[in-house]
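All chains are identified by letter, namely A, B and C, in their written order; residue positions are counted from 1 within each chain.
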Amino acid sequence: MPHKRIFVNVAGYGGMADITEQVREIVRESGIENGVVVIFSKGSTGAITTIEYEPGLIKDLPRVLDELIPYSAYYAHHETWHDDNGAGHLKASIVGPSITVPFENGELLLGTWQQIVVINFDTREREREVIVSVLPV
Amino acid sequence: MPHKRIFVNVAGYGGMADITEQVREIVRESGIENGVVVIFSKGSTGAITTIEYEPGLIKDLPRVLDELIPYSAYYAHHETWHDDNGAGHLKASIVGPSITVPFENGELLLGTWQQIVVINFDTREREREVIVSVLPV
Amino acid sequence: MPHKRIFVNVAGYGGMADITEQVREIVRESGIENGVVVIFSKGSTGAITTIEYEPGLIKDLPRVLDELIPYSAYYAHHETWHDDNGAGHLKASIVGPSITVPFENGELLLGTWQQIVVINFDTREREREVIVSVLPV
């Protein structure tokens, strides 16, 4: 099946969007019963992971990452482009651009409190493009 | 080949279990000569990575992560559920739920001192469920 | 298609090499039009991620990671082997050994400023071995 795209507006500074339903729908539409689905964030300030998507952790993740890698600190990256998103690039590279999730009988094998999210680590709201690829096993 | 499951009891607060042998056995049983194997941790407080599985690093990884993201700190997550594993969720999301490892002639292409581990970042011992999916190349 | 290997000398302490062109070439040579490519770093002190590969971030990433997980600190790992790369192992495990990137019509679906890199977290320059596996969708 060709790759599918999810486009979603996400707030900056570590905002995240739950894309589990969209991924689930893409898997169902594929008609493939058993396989894995690759979720990839296009662009160097986005990242993909899983998290319990609830109001507390949505606040905790950006706050804790900013304590470790503050947006307000100096980064050599800012000298290259005279922008301000050096911390966002680093966070995105550490969390990583892709995950792969198995599915069985058409259902994602996630935990009950485990959602797939795209995180926007840029310093402004952006439309993030996520590419979803379904492979049979 | 259908997905396979590994169930393993793992200590809390960053305990880890070496699951390399189980993954190796699943690859051999698949009868597939060349391919990749996806290893996925079900649940939002578990993570998968590779590490040199030796007594020193087994202590270092949870200690260092706890210095960066302490279990004893405040997390908004605790207000949602009145539990205490906010730090564990964050660590799991940063390390990530999945990796993909190539194999050739039925053998995993790992380094000699590189083992596949599931990490349990919850605040209690848990049986972690790991899903293993073998794909030919 | 069989797995392909990239061998590249990379400086220690978080040095990185842009391997995007080599991955692109491997995808083209495969003759597969649409699929995903798995990039895996063999060895427990190497990692794979994407980053904007420019002179600023090349300096920022190792510096920031060393502020969080200093090479000069004590690690129990050093007692096992009497070496000095405990921090490097931890950084590699957190960033992770593999990513999966989709491609379409033979072209990697990366952002314009998103490159695939292998990072060498060991304490000396090393030839890193990266395994590249192409799968059709």
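Here is the rule we go by: a residue touches a chain if its C-beta (ideal position, glycine included) is under 8 Å from a C-beta of that chain, and two chains touch if they have at least 3 such contacts.
As the structure is a computational prediction, the values presented were derived from the model and not from experiment.
For the pair subunit A and subunit C, chains touching both partners: B. Superposition on CA atoms relates subunit B and subunit C by a rotation of 120 degrees, given as a multiple of 5.
Rounded to whole angstrom units, the spacing between the C-alpha centres of subunit A and subunit B is 19.
Taken residue by residue, subunit C touches two or more other chains at 68, 94, 96, 100, 135, whereas all remaining positions touch fewer. Only residues 34-36, 49-52, 54-57, 59-61, 64-65, 68, 94-96, 99-102, 104, 109-111, 113-115, 135, 137 of subunit A touch subunit B when the two sit together in their complex. Those residues of subunit B whose C-beta lies close enough to touch subunit A in the complex are 1-3, 38, 40, 42-44, 68-69, 75-81, 86, 89-90, 92-94, 96-98, 100, 131, 133-135.
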